[in-house]
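Per-chain residue numbering starts at 1, and chain names A, B and C are given in the order in which the chains are listed.
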Amino acid sequence: MNERLLLGRSIETGSWVHKLDARSKLTGMLLYVAVILLSDSWLSMVLLAVFSITIMASTRIPLKYFIKAAKPLRYLMLFIFIVQLLSVKEGDVLWSAGSFSLHEGGLRLAAFSVIRMLFLITFTALLTFTTTPGKLNQGLEGILAPFKKLGLSPDRITLMISIALRFIPTILDESQIIMKAQASRGADLQELPLKEKARMLVSLLVPVISSAFRRAQDLVYSMEARGFRMDAPRSRYHRLRWGAADTVFVAMFIIMGVAVALL
Amino acid sequence: MNKAYQDVENAGGVLAVIQLDGVSFGYDPEHPILHNISVSIPQGQWVSIVGPNGCGKSTLVKLMNALLPKSGGEITICGHQLGEETIGAIRQCIGMVFQNPDNQFIGATVEEDILFGLEGLCLPYAEMEERLRTYTLKLGIEDLLAKHPGELSGGQKQRVAIASILAMKPGIVIFDEASSMLDEASRDELLRILQGMRSDGQYTILMITHDADEILASDRVLALHGGGLAADTTPQALFRNAELLEKCHLLEPYPWRLARELQSRGIRVDVPASEKELIDTLWPYN
Amino acid sequence: MAIQLEQVSFTYAEKSLWKQTALHDITLGIPKGLLTGIAGATGSGKSTLLQLFNGILKPTQGTVKVLDVTIRAGEKSPKLLPLRRRVGLVFQFPEQQMFEDTVEKDLIFGPLNFGMSPEEAKERARKAMLEMGLDLALLSRNPFRLSGGQMRKAAIASVLAMDPEIVVLDEPTATLDPVSRAELIAQLERLCREQGRTVIIVTHRMDELLPVADRWILLKDGKIAFQGSGGELAADPDILTRCGLGVPHSLRYWHAIAGQFGLAGERPRLTAESLAELIASLPGTVRSGNTAGMGDAHE
């Protein structure tokens, strides 16, 4: 069941963002990270928000999907907010009780951190929502291609990533079944004292790892039987095509970056 | 096609697409897993490989395309003698469908999985597109191209695996217990696919199986036992040989068993093709 | 009743966007001391249903009553540990539950978790081995070195070692060879008949379970499509086709012959032996059926 919720789940709507070259989306993503780091005023935050939400909306994927993507990290964000709020003692005092005080600078930094994190996560989700893992990998391979001269093998890296993406959900699913099997024999992780938990974890890991190795062996057989050889030449069905839309897409991020830097 | 292969064809002899001569496998020469197996399989034949678990069935087929290294003997596939430099050519001749539908799904989507092998063959775009269309239609999975393995049933995943392999146009297709993790409906479907492949005429099929219906549908049975070839026979002869069935951990199909039970009670009937035929035979005047 | 479900629904990931209802409005009863088969096509909700039986999953709607424990949707459930000892759940692949380096250690894992003393646990382990027809010499072996059939039986023994009143098995015979499958089914029937345990088996191969099951539950798309005795099922085999299941030969032959002779009310003869015996006793049976035109060997 997990398989449906996890990594690399693209949501097809056929929007212009979906049709972009994966390389432009990856480049855009890198630029976006720079934009986020450069944004340090309320005005740039507003600009960032308008920019991000516009692009998200243009994918025609409901916004709630993006919000869901950030949900697992809500406690971390809350924690960061509180720590920043309490520790930064700059700017006007907003509220104080004895030696304890909250400052305007603290509130600002805390809010910025959370907003940055929120946008970073939701925007990364945009990448996986609009790009199938295969295309993403091909894009990554394209971007890494120049590194071939440095002795780095992009094919290997992307093959590794694609196999990991393919099998992580399967192995998580299986771990869940194994956990249920152990719980059925009285070893429920949730109901046990801490020191017993460690022992139970071992009982979980042995079958999970041995099964992962079995899967790996099967996969190797299956790949070799289909004639796969590492570093052998391959043709491509989906070719990367950099169009005008891609140039526009990347340019938007550059303009955004310049705007934020100037603010 | 290489010369030796053509010579056989020209000589008008029966073309053996798989030729094993004294093949052995094992890391310990004292206790080989497979010992001195010789067999010759002509083009177009559908062969069942049976035997108890652990008798080396799966090992034997994996030797044929060098997924495992043989320790002795000669293997010739489609005229290529198996060796370091022919592995690539031989793997192009042999397609393999494995037992676990999940572990042979390489791509993240159905389309990617089928393309994995085609891209490895360095085919041009138009050829890939053509094969993608042909074989997804053939296996009835044309609507599933964008699906992830997690969204497919076991039977659908096996059909994807078969499409991925047939799209590479192998002459030999090996099914390694491909139906044992499927439910009944998916098993029936697989059997129909196999029957379609046989009537196609271009495939030599090797199938490791315990399933009586699958064995009955095939042309020939190789029974392995204790690392050796225990019998090279027909499905009908296998199911009449109680001793061999026992040795291979197989059970006869229900109609065969019923006919045998009736015969032992003095009712002489042949194996009925259907319940109606049995009734018509036993009570012709009703 | 050993297990009773009243209007039970189960939804996976209820609070997420990808929520999925696996079971809809299930009401069923599984009687004590009998052998019940559960069948359904892939994705019909069989495995989900099993996990409700020992509280691994809790219903999102309705009430699950297992032995004397009641689990209601939305209410805090009672402590489930004691229930899990009394309801042994065996998952499909033994590789998913064996993890120790000897069979014995694996077998005493459950009993120790439920608070038995080591001596008591070892005694239980030996008993469970014998119940599954396994040689005690295997106790010191590595479970991963056993044959497929032995490993499957050892995994079941590791649940039996907890001495459960109800044993629930998910596709226990999958991937085994036919002889090992028949042996395992015979062993499971003995658990029910000789030890008086309630045995519940999920399967997609009905042929092997038909002769031994007292009752059947068929699922289709998360709903109950049939529940009743083997005889009731034999009276209407078409229900299997509607559930996306094949009709086994044994059922087909019985149904045809019962129809011919008006035997529908009788206990169905679902083995070749018992059916042959019946045919031999029926009036007007032609003793030499080697009529012309019938080929020797049919496919």
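The rule is short, and it goes like this: contacts are C-beta pairs under 8 Å (C-beta built on N, C-alpha and C of every residue); 3 or more make two chains touch, one makes a residue touch a chain.
What you see is a predicted model, and the numbers here were worked out from it, not measured in a lab.
Peer 1: Once you've mapped the touching chain pairs, tell me: line, ring, star, complete or other?
Peer 2: Basically all the chains touch each other, so complete.
Peer 1: If I rank A-C and A-B by number of C-beta contact pairs, which comes first?
Peer 2: A-B
Peer 1: Distance between chain B and chain C based on Cα centroids, please, to the nearest Å.
Peer 2: So the centroids are 30 Å from each other.
Peer 1: What's the distance between the Cα centroids of chain A and chain B, rounded to whole Å?
Peer 2: 42
Peer 1: List, in ascending order, every residue of chain C touching at least 2 other chains.
Peer 2: Not one residue in chain C touches at least two other chains.
Peer 1: Hey, what residues on chain A touch two or more of the other chains?
Peer 2: 4, 214
Peer 1: Residues of chain B touching chain C in their complex?
Peer 2: Result: residues 52-54, 99, 153-155, 177, 180-181, 183-188, 210, 212, 216-217, 236, 246, 249-251, 253-255, 257-258, 260-262, 264-273, 275-279, 281-286 of chain B touch chain C.
Peer 1: Spell out the part of chain C that touches chain B in their complex, as residue ranges.
Peer 2: Going by the criterion above, the answer is residues 41-43, 147-149, 174-180, 182, 204-207, 244-246, 248-250, 252-253, 255-257, 260, 272-273, 275-277, 279-280, 284-291, 294-299.
Peer 1: Which chain A residues qualify as touching chain C in the complex?
Peer 2: 1, 4-5, 64-65, 68, 174, 177-178, 180-188, 191, 202-204, 206-207, 210-211, 214
Peer 1: Could you pull out which chain B residues touch chain A in their complex?
Peer 2: Residues in contact with chain A: 62, 65, 67, 88, 91-92, 94-96, 98, 100, 102-109, 111-112, 115-125, 128-129, 132, 146, 148-151, 164-165, 168.
Peer 1: Would you tell me which residues of chain A are touching chain B in their complex?
Peer 2: 3-4, 8-9, 12, 132-134, 162-163, 165-166, 169-170, 214-215, 218-219, 221-229, 232-237, 239
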